[in-house]
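The following block contains the structure, expressed as structure tokens.
Think of it as A, B, C and D in the order they're written, each chain with its own count starting at 1.
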């Protein structure tokens, strides 16, 4: 069992007061708060080790390069990649998907080729593919979901054709909480030699991920949603794909040799890491991953599932509340609406009581279009949330919902 | 006059020992060290304000959004842009150039169009254009420089034709130290309605930049080279260009509305800021800019020029030393070689004495090809360097150079 | 009544609440009093888009006074609009133009008007004043 | 002499220096003793690329012993190679394969072999051992 009270002390921001009330932070799906070790790792870096990497010859640069490559090794182990050069550091998950959309797209996508996503994707896993399809005259196909928020796998299987070049779906929906049947999706795609990208924005912070076991071709991580710093992300890609893909950005470190006429690109992973990377961020992200491991991904996941069950149970009792997303496999978020109220109305009053919940479309407008709603109120969980917080919030939602009836 | 000893106390890393010696950090052109206020601003953010922006409704998110937009305003004022929506935050300078290469390229570049860069550019200002030219069958033309490291403006003027779509040059060469005649380059390009991008990697940390006075069309900044945190950068672009350019990356926040069929893009600057931006980095970068202003850009620049003159004077006396880059207008870096020694040899011995100098090609291989050398040893200056440090380093170089004769 | 008299009245009304829940309950009730914009005027041209909620605003000029009607898909926004219309509607362009809306801060709703809130309220006040300027201009031609 | 005897000798040689400058001066002098690879063998196939400097390495097998020749464009790297060749050249594949190069750490040059240094030295040692394995294999067939 987690000792949540002890663990909360690791997160200094949780002591904040909002309008004089204790902050109750239920917005971890948007970004998690940072444990002190992660903050310290940044301070330490700038205080003791900072120097540009590029394998410079002086000691600080050597040290800094070492820390950066150590971070890569930590990430590799954290998601159990086969090789550390399959780990590319990016500025975020959105960039990781854009990288694949561009580099995979430029390398493999031709007119009339097809890419498959689902109807419950975050804009980060929609717009890059729309942009690619427009540029390449390719076709974007959509796996629909049902009223409970479950993907229709029969339709998915029919969508795959000879022309399908890539499938890109989220591990867990950031609105509906649906945990998608990723192993099945991947197995079927691989039967047709189609690679699969996983939007893992809501993944490693909730459970242990093993990319080799999943056998996904690409896996993407948002550092700031996994207790790591802002401006960090990870693209995992199988060597066989990354190796063939053209580079994304051009600049320092991604080249082997440059002349004014012709440039030869570097090997993996450097080919995809143009310019001075955020080596401090990478180190702090590795620190965050170690922190998650020290707490235990499974314990965290179980705790969060308890919170989700409790919140679901409580809110289900309120007749004015509609929950969006009722998949049997669900995790980390709870979206709902209060009858008669705009999501912003509820969010605003909750805020005055110290509860930080996100309201709006959560960058997943097609879900809102499906249900024909302007948005939802979303309660999302981190390792530091307590059952007391859930109970207090649900009670407050009950009170608020009465105001609108 | 700057009180360097006092100012040095702002930079905690300067107390570091290297092999038992005081660190003498002469690698600021690769990355600058960070003042305590910048480090503190990151800690403060994660300790008190952290929350995803996207204009969420709850207080922390509001506060965080406010801090992010305040940072944009600070940057706007720092470089005197006309509008704050002309400021796009990026993960670095390399990304800023890649953004323009893609978005300007996709919008305006057709087969046989021409782009002009110089022969002294950093790879970040070469490779993105090579990649674009390859994709679009466009032509890259090169402004040469002479043995002193001065661009040949006559040739430049002849390079511009009806087909020229963009000129992209560096403000100051990170190898030769040449301060290029940017106002003249811009004026001439504008006579032919050609926009100009400035690689400002070596700029704002050394002098006051006024983008309206320069009248450049794009200006790019590397945050980590200007006392700001890693993983930050700025793209300034005139509204008239940014507005017409297609977006670069797709994802959250850069859209107005998304349906699975069609997406409408957001207004500036959000159109170019897909995904969760590094709002903490942006805030810390703004803090760095305020720090530079509090010290005084002009004072910093003058101090650094004194250091450069002193180092040049001392090293010129050593017959075994060859200096690369002798332009009349020079700033911030001093590249040289020692007869009989590989740059790495010298760098390694200097390191053992605590002097951190960069050796190698400095991501500007075409310069090395021009001089037919394997690389240089580069001494580069930050506001915290002292004349004593310069003297000690030059003496050490004298001692080392004797070892190789 | 003059603008400032109305504002003072509102401030007094709100002074009885010492709790945010009561204040919001009152605002929700006020939302029901809003003079709703005619459905045929609920068009793209009259919409003020926020990130989260939308506001529609229309203005008519009769007998030297401006009459505003509006709507929003968010109830609290609607309640606040209702207050704004109480204060500014049925006033002369001149006094609307010059109005200092101090009541908003006084009743504790200032943050609802922050640019980061993006609920359309700030843009709405701007639009109300723009109408006043436009009608004033027409008048003085 | 056996590998470890040579290593001990080198460690002793270096023990007189209490200053990095002297140590490097000695390494620079050693660089001049390096048995340079034949120019016709200085080809792409024999190059070991580091980020900063390059190393060329070749090996010949005669009378049960391996003879290495090498070169580098960096003097200090050349000096260190010279030491490595002193230790490993003219030894049997078997003993090269199993050699524990403890002298490198003992004389304070360990960091020159770190993967981040990228001066080709680490890759060179690997390559020297690979030659030993290859020749050993040939022998035992």
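Structural remarks
Definition applied: a residue touches a chain if its C-beta (ideal position, glycine included) is under 8 Å from a C-beta of that chain, and two chains touch if they have at least 3 such contacts.
Everything quoted here is computed from the prediction, not taken from an experiment.
Ignoring chain B while keeping the rest fixed, chain connectivity by touch leaves one piece.
Among the other chains, the CA centroid farthest from that of chain B is the one of C. With centres taken as mean Cα positions, chain D sits 82 Å from chain C. Separating the centre of chain B from that of chain C, both taken as means of CA atoms, is a distance of 47 Å. In whole angstrom, the spacing between the mean C-alpha positions of chain A and chain B is 31. Looking at chain A, one finds that residues 19, 54, 57, 344, 348, 359-360 touch two or more other chains.
Each of residues 51-52 in chain C touches at least two other chains.
By the touch criterion given at the top, residues 20-21, 24-25, 28, 51-53, 73-77, 112, 119 of chain D touch chain B in their complex. Across the interface of their complex, chain D is touched by residues 54-55, 57, 62, 65-66, 69 of chain A. Within the complex formed with chain C, the chain A residues making contact are 19, 340-345, 348-349, 352-353, 359-360, 374-375, 399, 403-404.
Remark: chain A residues 12-13, 16, 18-19, 23, 25, 27, 30-31, 33-34, 38-39, 42-43, 46-48, 50-52, 54, 56-61, 91-95, 97-98, 101, 106, 119, 122-124, 126-131, 135, 140, 142, 222, 224, 229-232, 247, 249-255, 257-260, 262-263, 274-281, 344, 347-348, 350-351, 355-360, 363, 365-366, 369 touch chain B in the complex. The residues of chain C lying in touch with chain B in their complex are 51-52, 111, 114-118.
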